[in-house]
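For reference, chains read A, B, C and D in written order, and residue numbers begin at 1 within each chain.
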Amino acid sequence: SSSQNTSSGAGTKNALGVKLPAGAAPAADQYYVQPFDSTGASYKALDFYENVYSRAPLADQFDIPLVRLNQDYQIVPGAASSWEQSADKNSWTFHLRKGIMWSDGKELTAADYVETLRYSADPKHAWDFSWFWSGVIKNYTDAVAGKVPTSSIGVKQGEDKYTLVIETEGPVAYIPSACLYTTPLSAAALHKYGSGSYNINPATCVTCGPYKLTKFDPTAQIVLGPNKKYTGPFKPTVDTLVGKIYAGGDMLPRFQTGQVDEISVTPLDLKIAAKNPKTKDLHLYKNPNDFEIWYTFFDTKKPPFDNIKVRQALAHSVDRDSLVKSLLAPLATPAYGYLMPGYPFAVEDQLKPYTNYDPAKAKSLLAEAGYPNGKGFPPVKFYWWANAVSNTEAVVQALTHTWNSVLGINITLQQLDKTTFYARMNKKPTDISMGFVSYGMDYFDASNMLSVYKSDGRHNWNNAQYDKLLAKGAAESRSAARQEIYTEAQVQLTKEAPGVFIFHLLYGYYYAPYMQGKALAKNKNGYDGIQWPGFAATSDSLQNLHVAQNKQNWPRQKPSGIS
Amino acid sequence: MTMALGRSAVRSSNSGFWHAAWYRYRRNRLALVSGVIAVLIVLVALFAPLIAPYGYAAQDLSQSLVGPSLHHLLGTDELGRDLLSRAIYGAQTSMTIAVGAPLVGALIGIPIGIASGWFGGLVDAITLRAFEIFTMVPQILLALLLIALFGSGVLKLLLFLGVTAWVGFARLARAQYIALRDRDFVVAARAMGVPTWRIITVHVLPSAVGPLIVFFVQQVPATIFAAAGFSFLGLGVQDPTADWGKMINDGQQYVTINLTVALLPIVCIALATLTFSFAGDGLRDALDPTSR
Amino acid sequence: MVAYLARRFLTLLLVMFVVTMLIFGLMHAVPGGPFDQTQQPLPGPAMANVMRKYGLDQPIWRQYLNWLWALLHGDLGIPFEQPTMTVTGLIAKAWPITLLVGGLTILLSYVGGLVMGCVAALRHNTWLDWLLTSAVSTVGVALPNYVVGFLLISLFSVKLGWLPVGGWGQPQDLILPVIAFSLYPMALMARYTRASTLEVTYADYVRMGRARGLSERRLTVRYILRTALIPLITIMGPNIPNILTGSIFIEATFALPGLGSYFTTASLHRDYPLILALVLIVAVLWGTCYILSDVAYTLVDPRVRLEGLSR
Amino acid sequence: MHDDQQPQELSGRPLLEVRDLQVSFRLERSTIYAVQGLDLRVGAGERLGVVGESGSGKSVSAQSVLRMVPSPGRITGGDILFDGESLLSQPEHRMRHVRGRQIGMIPQSPMTSLNPVLTVEDHFDEVLSLHLGLAGAERRDRTVELLRSVGIPDPATRMREYPHRLSGGQLQRVMIALAMACRPRLLIADEPTTALDVTIQAQILKLFDDLVAQSNVGAILITHNLGIVAGHCDRVVVMYAGRVMETATVTELFARPAHPYTLGLLRCVPRLTATRTRKFHAIPGLPPRVTERIDACPFAPRCERATDTCRTQTPPLDDIRPGHSIACWHPVTDATEVVMTSTPTTPATPATPATPTAAEPPVPTAPDPLLEVEGLVVHYQVRGAGTVVRRRETVHAVDGVDLSLDTHQTLGLVGESGCGKSTTGRSVLLLERPTAGSVRFEGRDLTALSRRELSGLRRRMQIVFQDPVGSLNPRHTVGQLLREPLHVHHLVPKQRQRERVEELLDLVGLPTDAVSRFPHEFSGGQCQRIGIARALAAEPSFLVLDEPVSALDVSIQAQILQLLTDLQDRLGLSYLFIAHDLAVVGQMSDRVAVMYLGKIVEIAERDSLYARPHHPYTQGLFSAVPVPDPTFSRERGDTVVGGEVPSSLAPPPGCRFHTRCPLARERCRTEEPPLEQVAPGHRVACHFADEAVRDNPFDLAPAAEV
């Protein structure tokens, strides 16, 4: 059924008791339908601490993290109203708000956080994100390995049940940022059900967030309705969330026909939309989302990439600007370094000398490496997996063509399925000597993204000095000092060229014209659309989005199964 | 003695059968035209480097998705590559797979089918089970697993499609040999003391080969399809190699932006499949000397 | 009959045993496991925990026996891809969709193909014959079904806005996928029907029927069609399992949450229990269709005895 | 019985009259003028025979009467009057009431003429309700009655069977019942017995006679066998190349044939003569393909009497006597003489009652026969029905056969279809491994030979098949076919091969330019010549001839038989000559063996056997042979061998023939008769052979008396 309601709901209240803002559609229309492509994804859970990489759409809405992120990526209070680091810098204390109630009638307390984190370290649970706290929270690594009981990890209740103490292995400056990932499970429910899977069943779902689960069908749609017992501080105007799950296919027509309220567009979609009278004038929202860097990595322990000159030659022979312009624009920016401008401590100008487009230099570097005009350079396979958002297929072809034509070498492409690609890349030592991958941030700090290149990290590259810089940066809490450290680390990384950084991805979105609110407005970096981490409990966009009157008569179709 | 014989052209006895087949084929206009086009496609494929104005991988990012012009007769694709050239090189890849895979299938399947049809008994029983096993395994699944194991590429795709195509050839060869095994002319050959291998090859094969050739020709479009399916899943031919199936999948997204990108490979495939199936039908009739 | 069924069933079991064993070995040989992570690999101990949890730490022959044992108890396991469900549950959810689309496809393609083939044969060598045989087979045989699907969407959904672009839930969602899916089998069917009808048209017994004064209509229905359709059973039988297990291409193009897509995702995710379940489904379906078409053959053609049937 | 002197049509307007019928087939690049001016008339109760070689337009004429000429064919002229009304001007729906209701049709191949997916009863239901409006019990009763009248045992149950469960003979009975179902006034039988065994043929023809007599229908019996015409028709039309050559009453035609073509046909019919002849009368050449209207006598190219007139002017069909017309410029006036000289011994009747001892002494037997078969048994294992484990059943194809054959001799082997003749022939050549027994050829036991030794011997013994086209590889040219044996056995050096092939072609009377052609480009007779040439290429001393002429027209048959006889004389060959036709066997053989269900029931010198068949089965076979002599046919009793050959899966115990033997009694059912000598070289396997010779259950009496 398609509703093209143009009447106003301003001033009335939605199911959560929120007064609708001026220009809003009636309460019945305050639902938000987002599309999800399930290709290559598997939906195992709705909670971060149950499963991270296989979370279903609309996850983490049933609880409140200690801190949240605003549109400008600033840490703002969440369940914790304040926090401070201890004098010895080895622990952090968070003070929780009182009176946030779980739907089973219990109050949200430090115990929920403690139990959740202990559960995360439980070897039996085998949590897929446990590396995140390893080496950060005290004893966490040992607990995961089963050497100490989970009760010995450094997460404790403080002086009262509203105080949470996190002890770290050493001084860790970025704990508040990292605490974005603290959407807790209910300790009571966790005990009752033995795992966090209780939240994928509407009958057993326990929530302290504004939504409760009404339908979980990971092959078709997931629906969250208003949690009428909600007592928390953040009340959204949109009281129903629908995650439509599609097994592939083009999203653009689904958006055009009003099946969904929003889509993330690919560079190709933009070109198609521009030809369509209905979509050509739509505003393109774009933002860096998780600040993805797309880059070519090398196995630096194997020839020919064990030769730094070879790697540098490859770095200098890519004309990033024109590549981005013709294949990705406006949804990417050229990457001269690993961190995207706008990301904490990112620098660019200092790195350009090592990565600028300079074919002559590239050639001479290759000659110095012993392969004049590519002569003698062994044939190399360049592995990749397909990703439409980043137009990988075109990019890798352009790259290959560039390298082969500029340097006179012979690189051939080999596509793999995602599973095989990562299985082979992550093998120790890696089974792929040259491949194309991305990395997006997990939390908003340089330490996160840069740690990818730590020794024994993702790629087969070791640099003691780089490791030292990262350790120093993590312990340092003064911003200016950190900037210095991280700048040096970035220079070090770029100069050594264990990879060739190609572009930083920008996510583009179309929102149906009736989707409005401050959440979509430009942030201080000039990006608009809902910023990372999305329309989630970890973000303040929840309160800042509403469904306005459908003045443009956009063909909105109300999904089945919502009231 | 009156000889009620037909055409009286003097022909050499060896080329006689093929000559007669060619005569019959020629009379079928649709088959003839299709055959000519099919041969043209193969020629284009063979001489692609000579015919194509550009290389299949030659890029010019500044010329992305431009329409037909004097420089690019059919326009360019997203990476600014000449579409005409890609279609021509695509013929090379597509035809290599489309002809190569059935060839592999035939080379494996026909001897097995012949053995099972001719000797029967245990050989036949085992072959029949093998048919079932191969039919029962979902092809896509098997392909994905094998590709994950061995990687993909023109040659591997060709081998995979060939290895899974053997059943069809074996079945057909088996049926043919069973049908022919007890025919009088075969018994006559046995009575003559012709050794078994010679009966199988010289006496029975020419009669069995007609349907096999036809099946082969029909497999050509079927294989183009299958290969295109793998490209659809991103597991077929590797970039930047040009291949029609791949070009379809890449190009169909551009239907509203640049029609030629989307249509060209579809037209190529349609043309190839149709000409090959018509040519196959024509061959079937032509290779049967008793048809009018 | 009973003996025939028993014998077929036994061979089917044997073949299935071999097939599953083959796939089992193959999927374990492939790089990457079901619990591999993409961004960061699981720490060793955690990985070991998972492996133990799912019995993947045991030797492969053990795993196979375990699977067989569970299977004997009707347990297909838990899909790694969706551990919140059982494999049986997942199939029970996805397959009906595929069955509906497939069933309608079979209906449309078989009925459509039959009608076209018959009409073409009965109007042999006329423009109608030409149109039906060439037009349908051109589209059906010359274009992959996802291309047809894409063209249909472009025209009927995006351009004309008559039908949904894909998805699942309303009856209209079925129309385009069924059409796109049908074309190929329909073309095949039309082609074979035409050939076998033509063959029967000149049979002795049809001539004799005419000599007894039977009307052309009666001859067509009782004499020509009835016998012309017999060979189609063997020709079309093997297509049914393919159609009923869905096409990944059609499902992807029309975003149908059916079984077909699992054929790719299951192997891409290394979802062992699901892979094996799918293999079983195909094998059972295939075996069933094989037997059914044999039985159907004997029912419609009194000349055929099951025992003598061989292919 | 019918009175041949008074053709009934004179009594009034004929039931069917065909006037100057023209039918042609427009093919892509040629037109076949299949019928070019046919005139014929049939009265009620009259049986009209239509004879002629293959392709002479018989079937097309019959189809025209029902307006059922197949697709590219069209009736282009003339008229067909049924009961005075023109059928050609009837609208199609009226025609449907003529078909089946007024005119019944009996087909050539009963096995393919019933809808395989309908039961026998369904077929009757259709016609009975369509034409007579019968339904329910009435319809069922009528069906039962009809089936009973054609001799189907237990009709009420048999009618529920599907056609494939019935034998060929039974199917033909069903077809006849079906044709008679609505009591039509005209019956057209197009070669109704060509596909059947002689014994069954006799049964069917008797049935046909009875029905015509009882129901007073007019009947057209199409056949290429003049013997059948003699016994079962009142008047005859002889067709050639789509035209009528001669028409007369049966007695008149056989007594005074006036057209050289009729004469030719008559002379090449194989007869049951007293002694063997080595001279065959064949019409030379082949019937023409009528792709143009011939403005001449179409038979002229094959006629020894032809003059320039014949080659340039069409002879009109003129009466030479009342009721006897011919189309010929030079009619034969003294036909009797010609017919007589063509058969040197007494015609038609099975010989003088020469006692076996009085017969010429047989060729002195060489001490060592060329071929000696002892206790030959061939069983086939077939898969039968079964419960869990499939039962294997045994086909007793050959069940203990002893034969011997001397150099330069011919041994004939006769028997009904399925009795194991071919199997015997093949296992003699070891193409089929005998289950038991031995085969000695030139003194060596073939069953004991190794593969290699055997393949060396193969060139000494060859085989010629029944289906002349099917036995030649369709993908090989004649040259390749003939070179193959030369190549396999390294008989002649490569450079001489071509020469040798030409020699072979010459030997069998084919032009040398045949070398580069394919078998399908030749007629059946020519193909058989190629088959013979191929057999001879290996220079064998012994040939198995497995019904080499059964598939051929009589005129061609005679050509081939002559060729075989000449070759035997020239090359000193020995033949095992297999046929199901006693007349043909008799013309070719020195000794004859009669087979029944895998066993030899009688074996003797040719003349001895033909003079005095001892076994009731042999006698039955004799009585079934159609004889081209109306007087004889009429006088001969009409007792025929009843029933059909039992299944060789479970042959009857005791004497295998007892199920069909008029003399059978208890002993025959239990005790198997041994093959015993009744006269020198004449052995019979019958407990009551004496009685059989004395009483002759199959009315061979006239033969004995002459």
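In this text, contacts are C-beta pairs under 8 Å (C-beta built on N, C-alpha and C of every residue); 3 or more make two chains touch, one makes a residue touch a chain.
Keep in mind it's a predicted model, so treat the numbers as computed, not measured.
Each of B-D and C-D has its own count of C-beta contacts, and the greater count is at B-D.
In terms of their C-alpha centroids, the spacing between subunit B and subunit D amounts to 48 Å.
The mean-CA centres of subunit C and subunit D are about 52 angstrom from one another, to the nearest whole unit. Centre to centre, using the average C-alpha position, subunit B and subunit C are separated by 24 Å. Taking each chain's centre as the average of its CA atoms, subunit A and subunit D sit 91 Å apart. Under the contact definition stated at the top, the residues of subunit A that touch 2 or more other chains are 250, 417, 419-420.
Looking at subunit C, one finds that residues 30-32, 252, 268 touch two or more other chains. Across the assembly, subunit B contributes residues 144, 148, 256 that each touch 2 or more other chains. According to the touch criterion at the top of this document, the contacting chain pairs are A-B, A-C, B-C, B-D, C-D. Partner subunit B is touched in their complex by these residues of subunit A: 250, 268, 271-272, 275-276, 322-323, 326-327, 386, 393-394, 396-398, 400-401, 412-417, 419-420. Across the complex, subunit D is touched by residues 1-6, 8, 10-14, 16-17, 20, 183-185, 187-195, 198, 202-203, 206-207, 289-290, 292 of subunit B. Subunit B makes touch with subunit A in their complex at residues 57, 59, 61-62, 64-65, 78-80, 144, 147-148, 151-153, 234-235, 238-240, 250, 253-254, 256-257.
Touching subunit C in their complex are the following residues of subunit A: 39-40, 42-45, 53, 123-128, 130-131, 134, 144-146, 197, 200, 216, 218-220, 244-250, 253-254, 256-257, 259, 417-420, 422-424, 426-427, 431, 439, 458, 560. Note for the complex: subunit C touches subunit B at residues 11-12, 14-16, 18-19, 22-23, 26-27, 29-32, 137-138, 141-144, 146-147, 150, 154, 238, 245, 248-249, 252, 263-264, 266-268, 275, 278-279, 282-283, 286-287, 311.
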